[in-house]
Amino acid sequence: MDTEIKRILECVRSGSLSVDDALLRLKGAPFVDIGFAKVDLHRTVRQGAAEVIYGAGKTPAQIRSILETMQKNGCDRILITRLSPDAAAALSSVCRITYHESAALAHTGAFPAPGGIGKIVVAAGGTSDLPVAEEAALTAEFYGNRVTRLYDVGVAGLHRLLTYKDDVMNAAVIVAVAGMEGALPSVVGGLADCPVIAVPTSVGYGASFGGLAALLAMLNSCASGVSVVNIDNGFGAGYLASMINHMEVKP
Amino acid sequence: MDTEIKRILECVRSGSLSVDDALLRLKGAPFVDIGFAKVDLHRTVRQGAAEVIYGAGKTPAQIRSILETMQKNGCDRILITRLSPDAAAALSSVCRITYHESAALAHTGAFPAPGGIGKIVVAAGGTSDLPVAEEAALTAEFYGNRVTRLYDVGVAGLHRLLTYKDDVMNAAVIVAVAGMEGALPSVVGGLADCPVIAVPTSVGYGASFGGLAALLAMLNSCASGVSVVNIDNGFGAGYLASMINHMEVKP
Amino acid sequence: MDTEIKRILECVRSGSLSVDDALLRLKGAPFVDIGFAKVDLHRTVRQGAAEVIYGAGKTPAQIRSILETMQKNGCDRILITRLSPDAAAALSSVCRITYHESAALAHTGAFPAPGGIGKIVVAAGGTSDLPVAEEAALTAEFYGNRVTRLYDVGVAGLHRLLTYKDDVMNAAVIVAVAGMEGALPSVVGGLADCPVIAVPTSVGYGASFGGLAALLAMLNSCASGVSVVNIDNGFGAGYLASMINHMEVKP
Amino acid sequence: MDTEIKRILECVRSGSLSVDDALLRLKGAPFVDIGFAKVDLHRTVRQGAAEVIYGAGKTPAQIRSILETMQKNGCDRILITRLSPDAAAALSSVCRITYHESAALAHTGAFPAPGGIGKIVVAAGGTSDLPVAEEAALTAEFYGNRVTRLYDVGVAGLHRLLTYKDDVMNAAVIVAVAGMEGALPSVVGGLADCPVIAVPTSVGYGASFGGLAALLAMLNSCASGVSVVNIDNGFGAGYLASMINHMEVKP
Amino acid sequence: MDTEIKRILECVRSGSLSVDDALLRLKGAPFVDIGFAKVDLHRTVRQGAAEVIYGAGKTPAQIRSILETMQKNGCDRILITRLSPDAAAALSSVCRITYHESAALAHTGAFPAPGGIGKIVVAAGGTSDLPVAEEAALTAEFYGNRVTRLYDVGVAGLHRLLTYKDDVMNAAVIVAVAGMEGALPSVVGGLADCPVIAVPTSVGYGASFGGLAALLAMLNSCASGVSVVNIDNGFGAGYLASMINHMEVKP
Amino acid sequence: MDTEIKRILECVRSGSLSVDDALLRLKGAPFVDIGFAKVDLHRTVRQGAAEVIYGAGKTPAQIRSILETMQKNGCDRILITRLSPDAAAALSSVCRITYHESAALAHTGAFPAPGGIGKIVVAAGGTSDLPVAEEAALTAEFYGNRVTRLYDVGVAGLHRLLTYKDDVMNAAVIVAVAGMEGALPSVVGGLADCPVIAVPTSVGYGASFGGLAALLAMLNSCASGVSVVNIDNGFGAGYLASMINHMEVKP
Amino acid sequence: MDTEIKRILECVRSGSLSVDDALLRLKGAPFVDIGFAKVDLHRTVRQGAAEVIYGAGKTPAQIRSILETMQKNGCDRILITRLSPDAAAALSSVCRITYHESAALAHTGAFPAPGGIGKIVVAAGGTSDLPVAEEAALTAEFYGNRVTRLYDVGVAGLHRLLTYKDDVMNAAVIVAVAGMEGALPSVVGGLADCPVIAVPTSVGYGASFGGLAALLAMLNSCASGVSVVNIDNGFGAGYLASMINHMEVKP
Amino acid sequence: MDTEIKRILECVRSGSLSVDDALLRLKGAPFVDIGFAKVDLHRTVRQGAAEVIYGAGKTPAQIRSILETMQKNGCDRILITRLSPDAAAALSSVCRITYHESAALAHTGAFPAPGGIGKIVVAAGGTSDLPVAEEAALTAEFYGNRVTRLYDVGVAGLHRLLTYKDDVMNAAVIVAVAGMEGALPSVVGGLADCPVIAVPTSVGYGASFGGLAALLAMLNSCASGVSVVNIDNGFGAGYLASMINHMEVKP
């Protein structure tokens, strides 16, 4: 950003930019105001990267409007999370999206060829955790990562997890998804030597208190290298996993 | 109890017991009122078994007074839990007790020869969980059980626990003690085929909230056969483990 | 497990098993991967015992698929918990199950002849606690136990419970189910000399906070021999009660 | 109050009271402002009754100053609650008080002859609940009630409570004090036909969460006629019990 | 109860009662077991008083069955709380009940002539608190009390409450119902010299957390003579108010 | 109020007002009792100002009844909050209201010409916070304020907020509305030198716990000049903002 | 800030400022980095106003160091909050401060002549709330406001508050400080027509949960014009009250 | 691990390893049992890496014993966290450690030359957060990373953070440490394009509830790429930051 400021200042000195225009530019930010939302184009403008729309709490009309604004501004790879089947149907009648109902997630464009440092393992404790796990896995794939899915490997049946110990030990990043007692990230974190992103889910009943039990367990994990995202936040975990898997030397 | 009532009634019918005396007996209960406490002698009277004094919140003088009342009434095997070193010192100057400082636990008399169905395994997640684990282990020994201690076998270093898989799989009952994320009972419960008594400890900081995280995790355990006692309640776990380990066919 | 490892190693030494096959076997675990689930056959393989499907959060199609996988692998005694009437109807059109609507529980096969050390008493505080109590009672019966049901014996009407004091005092194991103030296990635990498994229920309103009040009360029980399972976890209590009632001397 | 207003207005009409003086009187309230406190003399002025000083969070100097203000204004029966031994010592060097260390409670003057409808029973679950129970019992005695103390009658040893069933069933009002699982008021409330004031105490550890478990249990009591005061609020319970025990027909 | 035991014992001595029959009687309790419930007839048998059915969580068929059992055993004054309009309709097609939809409360028989020490004031903070307030008021009327209703007198508009200060100051007992900040009992308790039963309601949003805010406020009330029942427990408050309003000297 | 009392007293002295009438007047308060509600006319009577009806938990019939009572008593500017579209439709068939569905808010009469000290800025973190933000903005406009809306300026995209730094720095009062992490008021409060009213919203999922996370964050704000209203309380914030924006020197 | 940017840009165009220097200035912010802290001089530089040091969690040496940095940069009116007597003593040995022990608050320089729109009333519920109330009152005085203190006016003794109704009704801003049930702001807010800043205190015991009860009550206040600051945050309330009391028309 | 198993199996086939020895090896794990702890040497054995001792809840004697066991087994780079000054003094009398009191952290050996992908920025909100921030920073340095410290850059004074925007935008990984409202990670996460590890601290008072407010805020962060560790867990954040900064392509 600094270099941009410097460039603007040099334009001012050279006279090629008026003071008022410079002021405008210095304040200009890459978003489009469409009333109910300020559509961010940061990633597109700066990096040619994909944009994300968080679908929950938005009407199909609002989502469509944001989508169209993004597309008009040159963004053709867009991820939409927490999109209900109904909203997806309404949306797909007006624009081309691929919808994954299992994860309530849609996207425009195709998945890129996978890259990055290595494989991302998405491990899930039980069958009921799949929607969250799939949100993480598909997000990671959307951002160009190879993903290995290890589902139904809860710690109460350790042999199932240990069967896939190689996958766990060779992963570049692991997303560990679990509800109930939320112990999976601790066990996985003890086996692996890579960053583990723990995702508590709201799966459970009674004293799970909507995922609170799993959340607290994960925050208290004894295993090193474990960090936690919000309950049911599969997208956040998949996005961060991709970010870590694409780490590059900064000069 | 019914047979006792029946016996009293028959004495009344035969005239060997007056109505008033019978009334008294029917209402008589095996405890001694010493003002600040009603010293229970239930176990002694009915079963010749040991009595327990919960030491927390009682002055050394009160504990001594209860102890002496028990001893006067023929009870010579008494367990005292949550006894501070100072209170233990004050107590040992007036009567013979054996004090285990690591568990803040004292007892009169010797440990009986161990019996029961099999071995009780007391497993603990970390070094800081030892006081609670020892309270459980010593309680079980006081009640006549063989105890195998597996300490510092937290799930974040699974190989340590798996090294002792035989002990776990051959236990009659397991007491699993853990603070932090409280995942040990789930993993142990998945490996074993016996009752697992989970003891959350207040070990931890931050989001452990005084053992709440471990408690919730244990209550949400996916493993079958797991039940939970109060945070730091080593005595309760050891007592219940002994009770289960001494199960006998009731006619 | 060790003996199995030893046997495999001896096969390797004798040459009857190649290194790669041995590796496979050492890692092979008795489960079947059907995509969304890894169907566990542990109990069947090792013990000829019954398997359990936790029905909540699974579609009828998923449950059916797991059921068929189990049956194909020789397991003919299967318990399905938390099965809604609709899912039960869908399931019973394709396979033979017995459905208990009061407990939202189904099973294949018949109940075995009851055995074990003695009787399991399932006591419940109020009429609204019945679904949870029945889940516990039917689970215990499914695993081969004689069950005595004591329903609507809440502590605020003590005479109702005391009428059945004989049942309480002669039980091998007691499952005490209660919502609201959750005091039943404490009173029952004081009367009985056997393990008491406390099940808090979400029955209540206002400050019951979905069963939290009952849960905390049970965890704080002054009675010895009481342990607690998750709110509404009738299955867990029934399973553990059966496990304790079938304790046998381990060599 | 209305009659007083009417009288003042009639004085104004008759000219025996100026408008300004009437205004003053209408606004005049029976308290004395001593800077850090507005000492209330309501009870003294209206009823010749006793006043109360809540000692916690006040310095001995502040307590003394309030006490002296009360005494100067004709109040000679004063109760001081939550008074530490040190503060009591400081206070007794300058004025005559009777101090009950067990309840951290002091008073000036003697206890009046007991009266009221009947006896107040103060029942307490365990030895550690005594300070709170004594605060309730002494408060009731200070306000002129006969008090029966039933201590150490926790529900986990039901026979101890049942021994005193007559006291419970004949009480005019019952104060039931308990920490831990807080079940005493439910059981007592089921036995008795009189108002039961439940006092949760902070006695306990782990999941008692400073008395929260007992508080919630008491609020969820199934027994009719039970109401609850704050954790450790022995004074409040004793005061309310006395108020109920002195109910009189209002015209 | 003791006198009954004594009488039975004397019958045994005189031979007019066999030992077994006496045993039966000693254990006989006034309830009828109808499977899913043990219908209590305590009040009817002992006092000719009215019985109560807590309607929530019971089917119309279950309620009807309990009702009929009570009626068959001579109880003709029955109160049914938490009865939905649908359940009330189903019930009224088979037996005569009076239904108050505003309070979701029904009863058989007529209200008795009001009696007791004085008037019961039921004060409510806002319009939304009316269902709970009416449950308290109708319960009190069902048990034979004169009730004064003061609705919509929340403390944020103090003049409304002060307009009815006479009612407040002349009440025998006050039931103070409030959601939101729950301050009404404190203000009312400061004005009145009689017992105040505080009923928090779940009325509110956001940080009211389902009535928790009001509940905590009421438990912390600075006013003397205030005690609290469960959130939305209008019945409990009305019942207790009636109990206090009918206090009579016990010999 | 005092002057009114003085005037009444002088009328009594002069004989132009009887004692009884004076008593009536002294007790007379500006509200109308319509049974289920005491309709307050305080603002109208004292200030000719607008009245407010809190629509939640009231039936359309009740709202209409209150509205008509207000109108009959000369109040023609009435705000109705938390009014569902259905209730609005029912209401608009019988009287003239303007309904803003986005904020679930209606009013009679037109918005007054805006006045006050300066502009009120209503800033909102995300699109889902709009209903609450609009409730605040429309309330402020109804009370005669100029309002600048800054929506979708959450702190995770700081450039969007900084683009409008001038509006923030020149505001007279700021209402900062945010769910999720609730950080907007802290950042806004650091930029501005005016009072900031923070409104947490229930927007979010998982560990937002219905707005608790945002609420706690706002209460802990390091920025000076920030205060907080209840979760989703847009009206309260708009009302207070208007009150501050219309501050005038009091003599 | 914009005008400053504009001025810098004009200097660049005119050549009186190099591009690099301009860059520096644009990034230069009015704080001084002293290692462990970045001492803010914002208020001094922009407004000649007073600065604040939050004393809690800082050593006397750190506070002194920050103080000296401020003074060196021309700031001679500094407020230090949460300063323990020991830290105050250590500080006063090296520089001139005025220390108010009752509020744990110190300041350099004298209080300015009071100004603003009107009077700030600081009302407190009980004697124990005084430290927080004094923090608010002294802060307001430090910032140039007339303050009226109304202490010990809790709502359970309404006549004490009503005696000062004139002060309440004539206030420009009110700070209402209360622990326990936290009802004072609601009652005060109903009486007054000005902004009320509610300050919950941690005064209380048991179910006050460190001020949580008061906090929740205040957030749920039915009175309009009430907003809330953190528990015990007297400074925040006093600062905001001053800010509101000094509102001026912004062009 | 697999390759090791394979190698062992091949030794068995070739006869160079007996079946029993192989069994032993297969079960052998790289830890040393010293009674109260099982000292893990995993990292040393597998990677020549450094080991960590969590000092809290361990006596100096226990720490020393673990340290010596590690050193005896060839580990010369050891980190000790949560070490009190007293324990550090006791330890340094018997072995060479470097102690950083500001972070309560010690280590043996020197810091290695920094490496990895780029710089790790440790940003902290306030002066009181320094101990936690330093724990993170020193941990990162101990594991071979260049660390940039940005302290006292809380969001309520945004200009301080923005001054260091370059550091933020050029970081490889950011550790964002904050108490109170915990907003720093959201703002930092919006500015940066790298992983942000959020560390809530227990700094604050009142409604910060020991760091809960900051924790919840961070879990709800709208910024992508943010994950959270336990309250005050500086070590965990520093360790994970190092792990991410040393990501390397896995084959």
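All chains are identified by letter, namely A, B, C, D, E, F, G and H, in their written order; residue positions are counted from 1 within each chain.
We take it that a contact is a pair of C-beta atoms (placed from the backbone, for glycine too) under 8 Å apart; a residue touches a chain by one contact, two chains touch by 3 or more.
Treat the numbers as computed from the prediction; the structure is a model and nothing was measured.
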*asked:* Quick check on the contact network: minimum steps from chain B to chain G?
replied: 2
*Compared with chain H, which chain's mean CA position is the farthest off?*
E
*Identify which chain pair among D-G, C-D or B-C reproduces the interface of F-H, meaning that over half of its contact pairs, matched by residue number, are the same.*
C-D
_Measuring centre to centre with CA averages, how many angstrom lie between chain E and chain F?_
38
*Counting in whole Å, what is the centre-to-centre distance of chain A and chain B, each centre being its mean C-alpha position?*
49
*Residues of chain D that touch two or more other chains: which are they?*
2, 126, 157, 206-208, 212, 215, 219-220, 224, 230-231
*Return all touching chain pairs.*
A-B, A-C, A-F, A-G, A-H, B-C, B-D, B-E, B-H, C-D, C-E, C-H, D-E, D-F, D-G, E-F, E-G, F-G, F-H, G-H
*Which residues, counting only chain F, touch chain D once they are in their complex?*
2, 5-6, 9-10, 12-13, 15, 19, 22-23, 26
*chain A touches which residues of chain B in the complex?*
125-126, 154-158, 180-183, 186-187, 189-191, 204, 206-209, 212-214, 216-224
*asked:* Please output the residues of chain D touching chain E within their complex, sorted ascending.
replied: 1-2, 47, 52, 117-119, 165-166, 169-172, 193-195, 197, 215, 219-220, 224-231, 236-237, 239-240, 243-245, 247-250
*Write out the stretch or stretches of chain G touching chain H in their complex.*
27-31, 35-38, 40, 42, 56-58, 62, 200, 202, 210-212, 215, 230-233
*asked:* Touching residues of chain F toward chain A in the complex: what are they?
replied: 127-128, 130, 151-153, 157, 159-160, 162-163, 203, 205-208
